[in-house]
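Note that subunit A is present in both complexes that follow, paired respectively with subunit B and with subunit C.
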Partner chain A sequence: MSMVSEKGHIILRTSRQGLALRLPVWGMAASALLVCGLVLLFAASMVIGSYDIDLPTLLATLSGETVSKSIDNVVWQFRMPRALVAMLVGAMMACSGAALQNVTGNSLADPSLVGISQGAALTVVSAIVVFPGLSPDVRPLLAFVGALCVASLVQALSAGQRGPSPVRFILIGIGLSAFISSLTSAMLTYGNIDRVMSALAWLAGGVNAATWRDVFILSSWSIVLLAVLLLLSRSMAALRMGEATAIGLGAEVRLVRLGLVAIGVGLAAVSTAIVGPIGFVGLVAPHAARRLAHTGPALHLVLTALCGAFLVAAADLIGRAAFAPIQLPAGLLTALLGVPIFIALLRRSARAQY
Partner chain B sequence: MFSLHAFARGAAVAAALSAAMLTAAVFAQDMRPFTDDTGRTVDIPAAPLRIVSLHDLVITVPLLELGVTPIGSHGRTTADGVPFIRSSEVLTGVDFDNSDIAFVGNLPADVEAVAALEPDLILTTPWQSAPLEQLEAIAPTLVLDDSLHQDMGMHEVLADITGTQSRLATLKTRYDGQIAQIKRLIDTNTISVNVIQGVDGQVLSWHTYGALGKVLRDAGFRFPERVDAIPEGDYATMSAEELPALDADFLFATYRTDTLETPDDARKALETVMPGYCDYLHACRENQMIVIPREEASAASYYGLGVLSYMVVANISGRTFVPMPR
Partner chain C sequence: MRWLWLVLLIAAGSVAPATAEDCAAGLRPFSDARGVACIPEQPQRIVALNDQIVALPLYELGAPVVGSAGRVQADGTVYLRGGMDTLGIDFANTDITYVGGFDALDIEAIASLQPDLIIGGSYTDAAQIEQLQLIAPTIVIDNGALGLVGTLRALADASGRSGDFEARYQRYLGNLERTKSYIGDPSKLSATLTFMFPNGEDLWVYRAGLGAISQLLSDLGVSQPRAVAALPDTQASWSPELIQQLDADFIFGFYRQQPDATPQAVRDAYEHFAPGWCEALSACRNGQFILLPGPTFGSTMTGLELALDLVETHIAARAYTPREGE
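Right, the complex of A and B next:
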């Protein structure tokens, strides 16, 4: 294998030049920095908390020694799955946003903004309030159905005679999202108070109830969905140049669009089903990744996933530790960060259009 | 030479020893099975010493009335972020700032803060969103559903769990005396009463409104037919059109004192239901509407029952009033 350095890129070639990989240096550096940041954040999540565990005790516990049953519980059952779930959910929501932004050609597309998360939330809240005996295992499926219905409806309604309009897509999404939220509110108003409390806790978008089972479900789904998304990344690059160019370049545009919508919806639905709707991650993370480094779609997806993971894990750590024992849901903190960014992007998008 | 590994091992051994001593103390207790309101049978200490309560009003206040001080409790926070046990200051005199009770958060409670207290029993409710699975990993956990324990039933359950039945018997005797006093002074079965509350432009009425409802029903007062039709333990949300059906000789309304509301807030809430509501209610027109703090009126508290008993005596006995035309 040989390595050649080109302006801003490293090119890796196999010995017979059968395979070559052109990697942007800054993009790779940004990825490495984000991975280091995530590792540090994970370590902080293990150390910080209301249960005071000193570093030697933490290290002993992590090495498999049982210092006390309580400390084992706190480290292995509370902190570790919680940090992992936050990172997985963040990566999934972020990539969902990236997929939707690519397929709609709209930099404002976010699963929580255009009603996809709300569609997932409505079906799950209905299940909690109306069918309390239903197993939580079916929530991802219900969330997927709800999210897919809303995504299809938004797509259909926003496709005008002159083709889809990005601003129309967002406005119809916001309108539909408000309508679905009102249905969810009605469900919460008239439901049994204890079931409603359970649904409200889920709706707040927190990862406090994370278990190893959730880690398993999220990681299984993300392995499948993110792998397919990465496979579609070459076609995503073609789609960036417009539909006609993408067809000219040989991309199966209809199939790619369908795949991207299904994956975007799937990622948002599964993560929403586990932790509730966590807003604005899908909006903020792709933009943050783009600001960090201009790269091709594949590396952009990796950067987006890392940014999303960092964002939700940081929000969860701040939410559980900053005002402890008061626990703030991660969704509240991502919304606090996401709303001003959304407004800034909306203003920029409006200026560009008119 | 100092090595991190040796330090870690030393600290680990010290922590293990202290944890082992605490665990031994917990396991040294006699255990007994207890079936909670979700149908789970849990082995709990026969005489729990380190209880964490995850509902201030429903569990912590009754525990304090039974003479049991939990080591940790769920609570609320003021706008300034100061934690408090809802209604406890006025009902028991005990709060976070004058006791050793640790604040463990609100909704959800902080499970790590609960674990740090090393409880031997956790009492929670279906309302609390801290995951049961995580709580069970800390200590035996009972889920107590207050909606299934009307009529001061939570005191009965908690007395059973904490072995404080004799204290409960004393509280009951005092309350029976207070009710007997009301019946002696007021011809209750000829007087109608009701409790109403304005919420978001609608009027709410309960079959039995907390402690106040219990005092009124135990004393033998009559209630409007519309209120008697509400299932026991339930409430109804009604529009302004139904206000006359909720009228009575004496009406009670309540306001929150923990959020610094005043009687005017209770009246404003009813004004939102129906502008000029007073003209449509006999009790209000005749100045027979009594507005009192919600803490004492709604809490499941024997102190609250006592206060309410004397409030009823003071407001209804030995006075002339205008009965509602029938």
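Right, the complex of A and C next:
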């Protein structure tokens, strides 16, 4: 293995030149900084909370000692899975946004903005209100079906004679999203009050009921979907240059597009099914990652996932601790951050088009 | 086949109800909406996951409520819905600690109170109940299925206050008979329950399920207008164009102790909803549209007793004009 430094990049080569990696220094540094930030955020999530636990007690509990059963529960059953779920959901939502932005060529594509999260929400709310006996385990599947239907519909409706238009895609997505939200509202208005209240709590988009089971489900899906997304990253780079160039470079454009849509929808659907719709992460995180460092698609995806994880974990920590015991759902805080960014991006996109 | 029997036996065992022998010392079995749970024989620290439906009935029974879900006002202060109106209590003047909203609980705040019993409603998220079970036995009271009296009885049982509840309920039943005797034949009397939202945009009509007042009118045996009696659900949002269908001997509405729901504000809201509504309804024209205070649609014995007193005063102890056309 040899390492060569070249114009802001490090090139790693195996001894027989079988594998060579050209890694941007700043991109790697940004990733390392985000990982450190996530570790600090995780530590803060362990320390901060309504249940007062001093640092020595916390450290003792983390080392496996049982100081009290309540403290064990708070640390191991409440704080830790909650922090992990927030990070996993953030990473999944963020990568979903990155995949959708790449496949649509639209920097405004976000699962919560173009109706994908709402499609997932409609199917899950229907299950809660109309079929209350249905196991929560089927929610990811239902959410996936709902999200996929909406994604296909938006794609089909926005494909005009002169090819897809980014603004048309986003406008149709917003319109469809409003339509689906009205169906969800109708269900909430006319459904049984107890089931509706249960659905409303889920719709707020919070990770307050996170369990180790959720950590397991999210991490299992993440491993599969994010790995495939990383494998597609080379083709994503080709797609960035336009469809014709991508075909010329040998990319299986149709297959890649299909794969990116399926993964983008799958990531959004699974995370929505577990914690409810958390908006704007898929929009904000890819842009934040791009601002942090200009990198190739693979490292950009890693940075995007880290940004998304940081964003949702920070939103959850602020939401549960800033005004405790009043609890603000993470989705509310990400929307507060995301809406101004969306407006700024929309203005920039409109200026670029006209 | 032997495996199948084994699986069935295990499955049966996992859903079999707990018995007194299954519960540890100091605990007893209790049937709730989810099955049978072991709860303390005499709970000492109860956390209520709903203020109006759980915390207030427990408090009026004298149960040791140490924490409750509540609501947040626009200025950020927290309060027990119906607490001041009904029992004169709030988080500020009791030892009850706020533990978040009923749909956004602060689970660590609940854990820090060291409860020995947690009581929620059927809307409480199943995943959240699993977490709460780690803190203390958590039971779910399905107030929709049990009705008001069933809910109050279940809460009294869970908190070890059945004796207090039954004594108070018997007194209510005695007073109910007295009111019936004043009215004569209550089934010849009709009444409609309406709930106007303060902005005057939405009017809900209740066939059943509006807390104490619904329970009382049902106990009295008062009839309802045909359109209301035929409602498939317990309540419905009503169109202003169909407001005449609500006419009855008496129509009830509700005001509350909050600036946007004063008696005048509520009357204005009816006018905003359906201009000229009072002229369209004989009950209103004849002064038989009655605004009752908030506790009468709450879920407490205090509310039930108040509803009985007010209905007796407004109906049994006065002359009235029967609904036209009946």
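As a working rule, the second predicted complex is superposed on the first by the 354 of 354 C-alpha atoms of A that agree within 3 Å, B and C clash if a C-alpha of one lies under 4 Å from a C-alpha of the other, contacts with A are read in each partner's own complex, and residues count from 1 in each chain.
Assume a residue touches a chain if its C-beta (ideal position, glycine included) is under 8 Å from a C-beta of that chain, and two chains touch if they have at least 3 such contacts.
The model shown is predicted, which means the values in this text are computed figures rather than measured ones.
Visitor: Let's test your reading of the overlay: on subunit A, do subunit B and subunit C clash or fit side by side?
Guide: clash
Visitor: Where does A:Ala60 make contact in the superposed view: on subunit B (first), on subunit C (second), on both, or on neither?
Guide: first
Visitor: With both complexes superposed on chain A, which partner does A:Phe323 reach: first (subunit B), second (subunit C), both or neither?
Guide: Once the two structures are laid over each other on A, A:Phe323 reaches both partners.
Visitor: What is the contact status of A:Ser185 with respect to subunit B (first) and subunit C (second): first, second, both, or neither?
Guide: In the superposition, A:Ser185 contacts neither subunit B nor subunit C.
Visitor: Looking at the overlay, does A:Ser198 come into contact with subunit B only (first), subunit C only (second), both, or neither?
Guide: both
Visitor: Scan A:Thr14 for contacts with subunit B and subunit C and give back first, second, both or neither.
Guide: Neither: A:Thr14 stays clear of subunit B and subunit C.
Visitor: Would you check which partner chain A:Ser152 touches, where first means subunit B only, second means subunit C only, and both and neither mean what they say?
Guide: In the superposed model, A:Ser152 contacts neither subunit B nor subunit C.
Visitor: Shared contact residues on subunit A, subunit B side and subunit C side combined as an intersection?
Guide: Residues common to the subunit A contacts of subunit C and of subunit B are 49-52, 70, 73-74, 77-79, 193-194, 197-198, 200-201, 206, 208-209, 211, 320, 323-327, listed in rising order.
Visitor: Quick check: in the complex, which residue numbers of subunit B touch subunit A?
Guide: Contact set of subunit B toward subunit A: 4, 7-12, 15-16, 18-20, 23, 77, 81, 103-113, 115-116, 118, 126-127, 129-131, 133-134, 137-138, 145, 147.
Visitor: Please output the residues of subunit A touching subunit B within their complex, sorted ascending.
Guide: Against subunit B, subunit A makes touches at 49-52, 54, 56-57, 59-60, 65-71, 73-74, 77-79, 193-194, 197-198, 200-201, 206, 208-209, 211, 320, 323-327.
Visitor: Could you pull out which subunit A residues touch subunit C in their complex?
Guide: 49-52, 70, 73-74, 77-79, 136, 189, 192-198, 200-202, 204, 206, 208-209, 211, 214, 320, 323-329
Visitor: For the complex, give me every residue of subunit C touching subunit A.
Guide: Counting only subunit C, the residues touching subunit A are 72, 76, 78, 97-109, 111-112, 114, 121-128, 130-131, 134-135, 142, 144, 237.
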